[in-house]
Structures are given as structure tokens and as C-alpha cells.
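Shared between the two complexes below is chain A, which has chain B as its partner in the first and chain C in the second.
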Partner chain A sequence: MKILVCMKQVPDMESKFKLSPGALWYDTADLAWRMNEYDEYAVEQAVRLKEQVGSGDITVLSIGPDRIKETMKKALAMGCDRGVQVADDAAMAKDPLAIAGIIAEYARSRDFSCIFTGMQSQDRGSGQVGPLLAEMLGLPCVTTIVDFAYNAGEYLVKRELEGGVRAIVKVKGPAVFTCQLGLNTPRYPTLPNIMKAKKKELLTVPVAELQKLAGQQETTRIFFPEKKGGGLVLEGEIGALADQLIAILKDKTSVLA
Partner chain B sequence: MKMLLVAEYRDGKLLGSINELLGFAAGMAAEVAVFLVGKDDTLPKFAGRLYLAEVEKHLEYNPDGHKALLLQAVEKEEPDLIVFSHSSYGWDLAPRLAFALGASQISEVVAVEGGGFIVPACNAKLRRQVKSLTKGTVLTLQVGAFPAADNSDTPPTVVPIDTDAAPLVRFQGYEAAAEGGVDLTKAGVIVSAGRGIGKPENVAIIAALAAALGGEYGASRPVVDAQWVEHNRQVGTTGQSVTPKLYVACGISGAIQHLAGMKKSEFIVAVNTDRDAPIGEIADVLVVADLKQFIPALTEKIRSL
Partner chain C sequence: MPRREEVPLLLPGFKTNLTSPAAFFAGDKPMNFELTEEQNLIRDMVREFAETEVAPTARIRDEEERFDRALMFDRLAELGLTGIVFPEEYGGAGADYISYAIAVEELSRVCASTGVTLSAHLSLCANPIYLFGNEEQKQQFLAPLARGEKMGAFGLTEPSAGTDAGGTRTTAVKDGDSYILNGTKIFITNAGEAETYVVFARTDKAAQKHHGISAFIVEKNTPGFTFGKKEQKMGIRSSPTMELVFDNCRIPASQLLGEEGMGFKVAMKTLDGGRIGIASQALGIAQGAMEAAVNYAKERKQFDTPIARFQGIQFQLADMATQIEAARLLVYSAAYKASHGISYSQASAMAKLMASETAMRVTTQAVQVLGGYGYTREFPVERMMRDAKITEIYEGTSEVQRLVIGTALTK
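After this line comes the complex of A and B, so read on.
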């Protein structure tokens, strides 16, 4: 069974972001990079599927500059068999259609039985790449899955809806799934697996070979949300902070009365 | 400006989200038509054309069939904007329709400004202004970002639509969220643990503060996903919606899906090491501190009051 996982490298969301007005995005200097959280579930599900069927071949694909290779190695250490870096220094500026188009171009002739993406990326967060990819390939797609089972060419998955309700959906492969938080418990790569991953194939394909579609939207401004004010910010020594907060709670709420 | 708004139907009911879409359209003085796969006994209230497909035939989840139906409505209306709620129905269907139309899709719009749409980025720490380069544009609107319209008394004019497009996926029905256990909606004080607690052992310090305040403890999603806390304590869009007198968010960044479940609390305190965490936007008090030191110190002092 041939499986494709799409993975994006994103900055740690606890970073102090600076703006890069020329690039109309955040400044990439001094950021810690990691695997998009939703894609960790996608990688894990791909590895579990391969383990279940007993054979298979997992390609992890990521579009971006050279630094993404570090994160791709984590996916290889988690159990993917091969990495494909679509080398693109301008990936950050691409809209979901352009990104999905590149992935579709790679996937079209390769007969993947199952494709996983995250439900959204943590930085851009459009949630579009998975369903767009499915449309481009003419495949069925189920988004936001929190449960996954495979049996004889058929998938039984659960989509998460508002309030925690789930919709149960059956679909025949090949198909695309977008993974929601909590789908599984992503494994930590073990030291032996990290060593093994170093020997796995990590191909680089220039983006020009795969990019056939132009984007359809553009970012025209990037800014910090206005601070609405009102809220009090307390900083300082722990004991003094606790006293200050207790005084405020006594004054503004009835919970300490 | 012409808009086609996409209403949602779940478990035999029309969802209230259509009123926010109508509010958005009213704010832009747009002419509206609405699309619904539903039933004629619960229709949205607005003056205009309602493209209605039968839910018995087309099911509540059948994105390929609903896309085919939507394409018919779009062909008749030729709208400038096709507007969905950024919900499990909307973010699933919107990109498929956009692709079929060759239109761009802009996700999770929170405001309209200068011919562009404002969307959040990086867990609400940043905002982008995005402009569409295509003739028609598909939008999904962040839930709660636009005020709901007052219901009009005029009923819509129903235009029935139908298709024989075969579904690619087979919807089998719903599974209810796990029930039982604690009912957070009744708690007067809720102290919630976020990923910032770092390890499962630290749930105890959050629970201890909750007990000292005579309340309950809750959690954000990652803490529940990691099975450090049971699901019925999760606060947010896919958990509980709560309105206690006091909500203390400990090590919670303030993602929109968490805020949706607690922002109506009477008084909100956040404890976070990151002064820029988006939770600061809605907190009455943001304590910039390491919760592992601060919460036990606070609990100790409250106990000895």
C-alpha cells in the first residue's frame, strides 16, 4: 500500500513574532521551527496504517526551503520510508491552491492508496490544502477525522463536529483524509529510529518541476491585532502577584466572599 | 453586491449560524440568496430566494452531492461572494466548491477592510489582509465574528433543486459526545489547565486551586487529547461552553476554539509565561508568571484567608 503524508514546518506558536512587511508575512529570523501539530497526527496515522497492513511504503512530502529537512527527518524517524522536499524558498507566500497544485502534480502519477494531510496549518490555517488536493486528483475526501479504521480497501472514519459530536463516514480508497488533533497519540522518535532515519532517502525536487497553477489570492497587509486594552497585566515576584490577584478578586468578584 | 449564503442543517435542525451570515450580508448591504440542504418545515427567515434540496435524499453529510447542488444555485445567482460559516460543514465544503468554480477561497474571515478580508494567523497572534484575484470568491466566516441579523418576518421564496450526482463517501450517522461525569456548566468557578502545565502530574495543582475556590477544574483540548483529563472537562467549541463567575486559564494560549467556550465568563484571569499570548485579549487580568510556581502560592494564600 502506497501512502502519502503532507507535512508543513511551522514556527513554534509561543515565539515572539516580528513582522516582515516586505514579505507580507512574519519574519523568519530567530524562530524555533517544528512540525505542524495537525501533521504529527497525519504522520502517526500513516505509520499505523502501514503497521496494520503489514507492508507498505510511506512518502512524506513537504514544500519549503532547506530548513524543512530537519522536520522531515522527524517524520522519517517516526516511520515514514522516504522524504520528498519540494525545494521552494517562496513557499510561505503561496496560497493554498498553489500548494495543493504542487502536491497534486507530484501525486498524480504515483497511485497512492491513501493520502493524509493535517486539517490546517498552525500559521496560515486555511484548512484548504487537503480538500483542494482531493478535488484536483478526483478523490473522495473526509476532513477533520478523529477516528480511523481500515479494512479491505475500505475506510471507516469519524469526523469531529461542533460540541464533540462525531459523524461516521465510510469511504473506499484511494482517498484523502485531513487529520484533527487527538486522532491518535503521535509517537516520539526513539534514538535507534533517529539513527535509522539518517539513512533513509530524502529527495529534493525543484518546485519549478511541479508548479503548474498560479495562486488566486494575495496578502496585502500583515499586522498585529489591536490590543483591546481594559485587561490588567501583572508582573513581578510570585508572592506579591498572588496578593495582588487576591485583592482584585475580592474587589471585582464574589468568589472570595 | 450579490451573495449566496450557505445555511446548515444538523440532526434534523436548521443551525443558527445562518443568522450570522445574514448579519454579515446586511453589514455589506448585499442582495442575498440562501442555499440549504434541509427540510421545508424549518427554513431560515429572510426575504429572498432559498435554494432548497431535500435532506432525505442528499443527507446531512455528502460533500460531493452538496457541491453539485450548490453549483446549480451559483449558476442561477452568479453571486460575487459565496459565504459559509467556518464550521465543520463549511471548511469541508467551501474549498471543494471554490475549486469547481475556479474561485479563490478565503478562510476564517473576521472583518472586511479596504476591499480585502481580514483573517487570523499564527494562533490569533497576527492578522492578514487578503485580497481575492478571482471574479467570484468563496468565504468562510469565523463563528461569532459578525453580529447575527434580526429575523425578518417575510418567508423566503423556495426554489427546489435536485441532483443525481453520486456521493463519493457514505454518511452512516452520528455518535454523541461522551456524556456523564462533571457538569462544568453549573460551576461558579472554573480553573482550567492548558498545555502549559507541561505534564500530567500538574493537573493536581490546577485541581487544588479549583477546590480552594470551591469550583471545578477544566482543561483545554491538548490536555484532554493527551488523556491527562477526561473529555467532559474540555472547554471550547468541541467541548463545553461555560459562563462561570470566575474563569482562571492556566497555561492556555487563547485559541479561538477555546475562547468560544469561555469568553462569556463574568471575570477572566489568565496565568501565562507569554505576555503576548492571545488569551490576554479577553482576560480581565493577565498574570505573567510560571504557573508551576504561581498557582501553588496562590492556592496556599487562598486557603489561609
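After this line comes the complex of A and C, so read on.
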């Protein structure tokens, strides 16, 4: 059974972010990098699926510059069999359509029975790559899965919807699944597996070989939210307070006519 | 008073007996201070495990003087940490000593007791069996230790044999195809919990001082081998420290480790490696304390200002960070040598000396930065200070480390 996991390397969310020169994205200097949290659930689920069926082969694919290889090794150490780094120093400037196009080009003739992605990335957060990829490959897609089961070519998954509601979806493979928090607890890569990952295949493919589809979005500006003024504390008797508040809402906001 | 021309000057090119960084980095390879991808992955994994699973109970385990084997050993085995440096054929992970240093440091950063549990197990028990054991002993004893199926401990110290290992009074008398052990060991880390013990006893009563001592592998539950009192300690209270009592304890002669009379050599070689472990533990303690101090200083306000803005505090934090960095480089230098077959006695002595004294200074300073709060048990720095002190004492006191370095320097 061939499984594909799409992974993205993102900065640690505790980092202090600065705008890049040109203010089109965040500055990548001096950041600590890690696997996108939702992609960790994807890697973990892929490894569990392989463990269940016994004979599986997991390819982890990621798009970016050389520094993503360390994070890819973590995926290999967690149990993926081989890695494909789509070498692209300008990955961050690409929109979800272009990204999905690159992955689709790779996956198209390779007969994956199951494709896992994270629900969204922690930096861009578009949540679109999984569904776009499925559409390009003509496969069904189930997003935000929080439960996963496989039996003889058929998948039974649970999706997380608003208000804590879960939808149960049955789908015949091959299919694409985007993974949500709560699906599983990703395993630690054990030390022996970290050492073994060194010997696993990690191919580099130049992005030019796979990008046939141009993106259609362009980021024109990125900025921090403007700092609003401090709050105002009103004191006094309750009736007077209410009048004061109404006056402020009428005057300073468009909440009241 | 020697005349001026009789005193050798420290000119460039002055040769010392110490292996300095220049001496072994010379050659084609440039100095590379970066960790490998694997070492980074190992750091990330152990750090995450330590912060998520070990840190939350560090305080309560210290208060209760409670060892938690499932957490502090079995989980390490599951993560593949109990045999880091040993080859895969013996159940190890085949990684290097820098990876080992990183693992012990990351564990010690949140819980010094967990750090020493791993260090004593790996460096003091598994390693001498790896270095001096025959093939049967490696298969029978090393492999389960490396896989973490069994925990190890090291029994050298006695009431009259601390720094003076020659004061060993425990005896091992050959009797047919057995040895019979009699004596007591004190201050043994992992005692009671460990299944496998590397123990030192005098086989040749006629020999003087450190001659005539041999090393043995003894297993828990061997008749005649019991445990004495558990020490009530200042720090590393979650790590069990107990006496070993041998009363006509009969062990197979096949459990002699190395040859008769080789015991002192086995102990000294073992402690060379153990020093890297303890230096890493001290480094982790210091690192944890410094981070706690920096984070506190950024939050704590006095005179309407975070105290981190005051130069007095900044200077203290700067000194802490610089000393830790210096200690870390010494530890990695020793670890590098250990993994590359370069003689490392002096390097590991320097690393242990520097890291342990740094840990004591940094943790004391950290309590000072946290002020009154630092003195309470609600904050971790007082525990770190209590934990740090032992690193200046065990596995060779700071005085012994100075002897090792000084002797090499002046021979």
C-alpha cells in the first residue's frame, strides 16, 4: 500500500516574528523551525496505517529550501520510508494552488492509496492544499478528520464540525485526508529510529521539474495589526454608567444608531 | 629562587601534555561547532519528552524522595536512550557521545535525578561491561542494560574508600568456580532499583592500596546481597542512593569483569566516561536555572521596571550564560574525543570540573535573582541549587579532577 504524506516546515510559533525586507512575508532569519503541528498528526496517522496493514510504503513530501531536510528526517524517524524534498527557495511566496499543483504533479502517476495532509499550516493557514490536491487528482477529500479507520480498501473517518459535532464519513480509496488536532498523539522519534533515518532515501527534486501550474494569488503586503489605544475605565453609579456607555458607543462606534 | 633564565617561558609552541583543541583539530577538517541533524533531532525529542512528561512531577518527586521507574527509566528505554552509545549488536543505538551528553543535559535541565539515573546506568554500569567484558558477558549483561530491560549501578565507594579507592575493604575470595563477596558499599546511585551492579572488591589481600582489586558483575536477588539504608540527601532526592551489603554472597567466577587485579584500571576508565555524563548533568542543571532566572527577570517588576533592565541583573545573567557556554564547549570537546578514539581523561576531568562548579555558581545566582521567591519550594531554582552541589562531589570530587589535570600538566 503506497501512502503519501504532505508536510510543511514552519517556524516555532513562540518565535518573535519580524517582517521580511519588502514586507511580503515574515523574515526567516534567526527562527527555530519545526514540523507543522497538523502535519505531525498526518505523519503519525500514516505510520499507524502502515503498521496496521503490515506492508506499506510511506513517502513524505515537502517543498522548500535545504533547511526543511532536518524536519523531513523527523518524519523519517517517526516511520516514513522515504522522503522527497522539492527544492524551492521561493516556496513561501507560492499560493496554495501552486503548491497543490506541484504535489499533484509528483503524485499523479504514483498510485498512492492514501494521501494525508495537515488541515492547515500554522503560518499561512489557508487550509486549501489538501482539497485542491484531491481535486487535481480526481480523488475524494475529507477534511479535518479526528478519527480514522481503514478496512479492505475502505476508509471510515470522523470529521470535526462546528459546535463539537462529528460527521462520520465512509469513503472508498484512494482518497485524501486532512488531519485535525485530536486525531492522534504523534509519537516521539526514538533514538534508534533517528539513527536509522540517516540511511533512508531522501531525494531532492528541483521545483521546476514539478511546477506546471502558476499560482493565482499574490501577497501584496503583510503587516502587524495596528496597535489600538488603551481601554477606558468608567466609574460611578450604575444608571450614570449606562448613559455614559451608550453615549460612547453612539459617538465612537457604529454599533448604535 | 630560580634565576630568570631557568624558568621556562610560555612561548607560542610551548608543548604541554594536555590535549588541547588545537592539538586535535589540526589537519584538513575545519572546526565545526554545529550539531548534526541527528543530534538536533535527539535534542528536540529528549527536550520535548523532558518538558512534557518529566518536568511536571520533578518537584513532587523531590519532596517525596520518590523514584518513579516507569517514568525515569522505562520511558527512557522506550525512547532508545538507555543504550545510546553502544553498537546495535548489543542492543544500543550506535550514536555518539555528544548525543549522549545532549540527552543527559536535556533530562537534567528539568530533573537532575532523571539525568543521573541515565548517566549512572549507562556510563558506570553498562560501559565497563562494554569495555572490559567478554562476549558472553556482553550478551548476557550488556544487551539487557542497553535495551533498558534492566537498570545498572556501580558499587565502588565504601565508608573508608571514597577518593582513596585503595581503601577498599570489600573482599572477593575465590572458591571453586565462584567468588564469595563480603563487605559494604555506600552512596550507590540507582541502588535497590537496579538489577545489575558492577562492584569492586579486593581479590588479593596481600596487595597494597589500589592493587589487588577486581571488578565483578553482581545481580540483584543473589543470595547474600542485600540493600542497606537509603540516604536522605540534600539534592537529587528522586534518585535512590543506598548501601549495598554483601554477606557471603556467592557469584559465578564467570562474572569477574576483566582480569583479577585489574579492578582499579576498570574503575578509572569507567569514571573517565562517567565524568562526561555528570558534566552533562551539571550543564543541564545550570541551563535550567539560567533560563528560570532570565524568564523571571523579564517578568518581575520593581521600581516600575522589569528587573532584567537593570544592569546589575543583566551582568549576573551574562556571567551565567557565558560560563555555561564555556562549560558546554568543554563537555562537547570531551565527548567528541570519547567518540573518536582520542584519549580523553584530561578533557573529561576539565569538563566535569568546569560544569559542576558552573552549576553551583549559576544555581546560587539564580536563587539570588529570584530573590525571596527563589528561596521557596514553589520555584524550581532552590531544588536546582540543592541538586547542583553533588556534581562537585561524586564521580570524582573537584579536588580529584584538579589532581588529574595537574598531574598531567606537570609530569
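Assume the second predicted complex is superposed on the first by the 227 of 257 C-alpha atoms of A that agree within 3 Å, B and C clash if a C-alpha of one lies under 4 Å from a C-alpha of the other, contacts with A are read in each partner's own complex, and residues count from 1 in each chain.
Note that in this section a residue touches a chain if its C-beta (ideal position, glycine included) is under 8 Å from a C-beta of that chain, and two chains touch if they have at least 3 such contacts.
Remember, predicted model here, so these are calculated numbers, not experimental data.
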Touch test for A:L249: chain B only (first), chain C only (second), both, or neither? first
Of the two partner chains, chain B (first) and chain C (second), which one does A:R82 touch, if any: first, second, both, or neither? neither
Under the stated touch criterion, which partner chain does A:K200 make contact with: chain B (first), chain C (second), both, or neither? neither
For A:G182, is the partner it touches chain B (first), chain C (second), both, or none of the two (neither)? first
One more residue to check, A:V142. First (chain B), second (chain C), both or neither? first
Which of chain B and chain C A:K2 touches, first, second, both or neither: neither
Would you sort A:R48 into first (chain B), second (chain C), both or neither based on which partner it touches? neither
Identify the residues of chain A that lie in both the chain B contact region and the chain C contact region. none
Chain A - residues contacting chain B, complex: 11, 13-14, 16-17, 19, 24, 26, 95-97, 119, 122-128, 131-132, 134-136, 139-144, 158-171, 175, 181-182, 185, 215-225, 227-228, 230-235, 238-239, 241-243, 245-246, 248-249, 252-256
Per the touch rule, the chain A residues reaching chain C in their complex are 34, 69-70, 73-74, 77, 188-195, 197-198
Which bits of chain C are touching chain A when the two form their complex? 37-38, 40-42, 44-45, 48-49, 78-81, 84, 88, 93-95, 99, 103
Spell out the part of chain B that touches chain A in their complex, as residue ranges. 10-11, 60-61, 63-64, 87-88, 91-92, 94-96, 98-100, 103-108, 114, 116, 119-134, 168-178, 188-189, 213-215, 221-222, 224-226, 231, 234, 237-239, 245-246, 253, 266-267, 269, 274-278, 280-289, 293-294, 297-298, 301-302, 305
